[in-house]
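The data blocks that follow each hold one structure.
Both complexes shown next keep chain A, but they swap its partner, so chain B is in the first and chain C is in the second.
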Partner chain A sequence: MKVNVLFFGVTADIIGVRELELTAEEPTTAGSIINQLSRQHPALANHKLLIAINEEYADANTVLNDGDELALFTAVSGG
Partner chain B sequence: MSVTIVIPTPLRQFAGGNSEVEVSAATAGDALRELTTEHGELRKHLYNDQDKLRNFINVYVGDEDIRHLDGPATVVKDGETIMIVPSIAGGSAVGTRTFLSADLDADKQSRVPTELSNDEIARYSRHLILPEVGLEGQKKLKNARVLTIGTGGLGSPLGLYLAAAGVGTIGVVDFDVVDSSNLQRQIIHGTKDVGRSKIESARDRLQDINPHTKVEAFETRLTSENALELFKEFDVIVDGTDNFPTRYLVNDASVLTGKPNVYGSIFRFEGQASVFWAEKGACYRCLYPEPPPPGLVPSCAEGGVLGVLPGIVGTIQANEVIKVILGAEGILLNRLLLFDAWKMTFRQLKLRKDPECPLCGDNPTIKELIDYEQFCGLKDPVEAKPDLEEITVTELKALFDSGADFQLIDVREPHEFEIARIPTAKLIPLGEVVNRICEIKGAKTTVVQCKGGVRSAKAIQYLKDAGFEGRLINLKGGIRAWSNEVDPSVPRY
Partner chain C sequence: MSDFTELTTDPIDITSVARRVVPSECGATVTLDGYARRFTKDKQTGETRETDYLVYEAYEPMAVREMQKLVEQAKAEFEISNVGIVHRLGKLEIGETSVVISVSAPHRRAAFTACEWLIKELKRTVPIWKKEVYADGEVWVEGESALKP
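For the complex of A and B:
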């Protein structure tokens, strides 16, 4: 199945793009997608990532469906 | 008859924290009796031993003091508003305000029923003809007390629009001084203000925009010691700070005092905004239970920020503040707005109050303000890496002058290297140091440098972790210190 992953803030810096389409085995959770990404981009694992699935705040155990949009972001402090 | 009694700030603590209480009564006296029956603690503040209204308590029906009408027997109409106004002379008896640096005077403590002058009617005419604002709404704005934390990138547009919109009292908290590097985005300050205190500069500008707005300036750092007392005096809190400890402090103090916290935050080209209001929805901790590890998310000073970005996010905050005051529906509650100025996209994420939230959840464990520096991991001594060798810029200069054989590695980004550099420095950006480790000669002493000394310390850690065995020395204060102390001809950025 395919998942569209969006990166915000520091996560975009780490991955190098702001959007990525990933293919994953079913069933897949948001957490396993993050693990998959962290293997290629170890710096990702340093961050407390926040997750939104289809524009709704979610946690890492949430199971994804084909075509879901997964957004990863971190807190930012600038002002 | 259903009437609304408006409770002044100092008395709200005795009325369950309510700013307004609705009661059913035919006269002003009955209405106050109803109120004190519902909130027994208020009785001794309103009535003396002879059961008479205390002489420093003024009661207004409509726009008139009931002493000029029929006293407690003054008839109230259905839907009418009764205001309790502690008088100026006696104000301190009901509400002590001990906040130190506030330049308050007594008349700001009480809320006299608001009327708009002809001047104000002309000034706010574009609001007044909006049914959603109108005269009532404009009076609400005039009565409102909004506290803005920070007069930086977010606080600038926010303050300007709140003053322009006719918010009656704007509190501003800042302790910083205007620097020329602020002017790219902090539009409340001008070139002539460089070197002045931000609070003074902001006050002048706000007063110039709207002399009807009272500006209460607090030239202080917001701390766990002063936040609650300060927040209690305001209706809406706006978070325009630039660091995580203060953001958690603002959130916690807002929740503990029951105030809405209108939040905005920025990073390079991206902004976030929301209204956190524990009584009605999620708080900041429901979204971000824990702060990121220190140093992982760059600040604006480290990561840069598009100047117009805080302008957009700050005006979104101003918009939400005004809606909160007007009691509008559709405030940014339980939603996190994510704005990307580079892609020009707005997205919003649905948030929910977290029942497990340690602050506003079902079983809160945080009941008072804590040490936020510690909470955010900033008190763990950075010098926890005892093996980090450092030199100052003057020592580096001496090294150059002595003709010592060493290499200087600059771990900033190429665009920063373009702006300014220290002679002989070789550029290897932080993200590449490990991959390009072979370009650093292990046999030579290596001084590592960045803009301020943080990234270079990280680079040294990365190199050591990667097995680099040569001598690595961190340049304290980076190229900024070099420019300040050794060679002023190197531009500061």
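For the complex of A and C:
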């Protein structure tokens, strides 16, 4: 299955792109995608990441579906 | 007259935001004008850093949805009439407005309380990030409060 992963701010700087399409074995959780990315980009592990799936906050144990949009970012700092 | 939540890369006209939330039953509008600060004291080291300018970015569709949720929650919880929230994105010079929240209400007390609640929740939940750019570097600010989904 394919998952579209979005990055913002700190995570976009670490990964080097704002968007990645990843292919994963089913079933896959958001946490396993984070682990996979952290192996390639160890700096990711230095930050506490928040997770959104299809524009809603979710936790690392959430199982992803084909075509989901997964966003990974650090604690928000708007205002 | 209705609620609104918007993102813009243009300068924000505070007065027009404040006036858009005013229906006839209201007696007061409380408007927060949040703007880019030059000097920031580091809460851990106590040192003061001087910011040259700020850059804001957002997960735009989710940010608008989260702002709409806050408006709905505020209207359910406080005796208010309308809420307008506009957040600026992109590069902001020092002193430029980054966020405006206007809350109209029949009586002022509820508007003050709701406006304070809205900015506190916006800073905790709405996916927008601020980069502070200094003379000798830059840093994406990471929010303080842990999110409890």
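The criterion applied here is as follows: the second predicted complex is superposed on the first by the 75 of 79 C-alpha atoms of A that agree within 3 Å, B and C clash if a C-alpha of one lies under 4 Å from a C-alpha of the other, contacts with A are read in each partner's own complex, and residues count from 1 in each chain.
The rule is short, and it goes like this: a residue touches a chain if its C-beta (ideal position, glycine included) is under 8 Å from a C-beta of that chain, and two chains touch if they have at least 3 such contacts.
These numbers come from a predicted model, not from an experiment.
In the superposition on chain A, contact of A:N46 is made with chain B only, not with chain C.
In the superposed model, A:A71 makes contact with both chain B and chain C. In the superposed pair of complexes, A:D59 makes contact with chain C only, with no contact to chain B.
Of the two partner chains, both chain B and chain C are touched by A:G9. Taken together, the two structures place residues 8-10, 47-48, 50, 52, 55-57, 71, 73-79 of chain A in contact with chain B in one case and with chain C in the other.
By the touch rule above, chain A contacts chain B in their complex via residues 8-10, 18, 46-48, 50, 52, 55-57, 71, 73-79.
Taken in their complex, chain A has these residues touching chain C: 6, 8-10, 13, 47-48, 50, 52, 55-59, 71, 73-79. Residue ranges of chain B in contact with chain A, taken from their complex: 150, 152-155, 239-244, 247, 264-268, 270, 272, 287-288, 290-293, 296-300, 303, 305, 310, 336, 338, 340, 343, 347-352. The part of chain C that touches chain A in the complex is made up of residues 34, 56-59, 61-63, 65, 87, 98-99, 119, 122-131, 140-147, 149.
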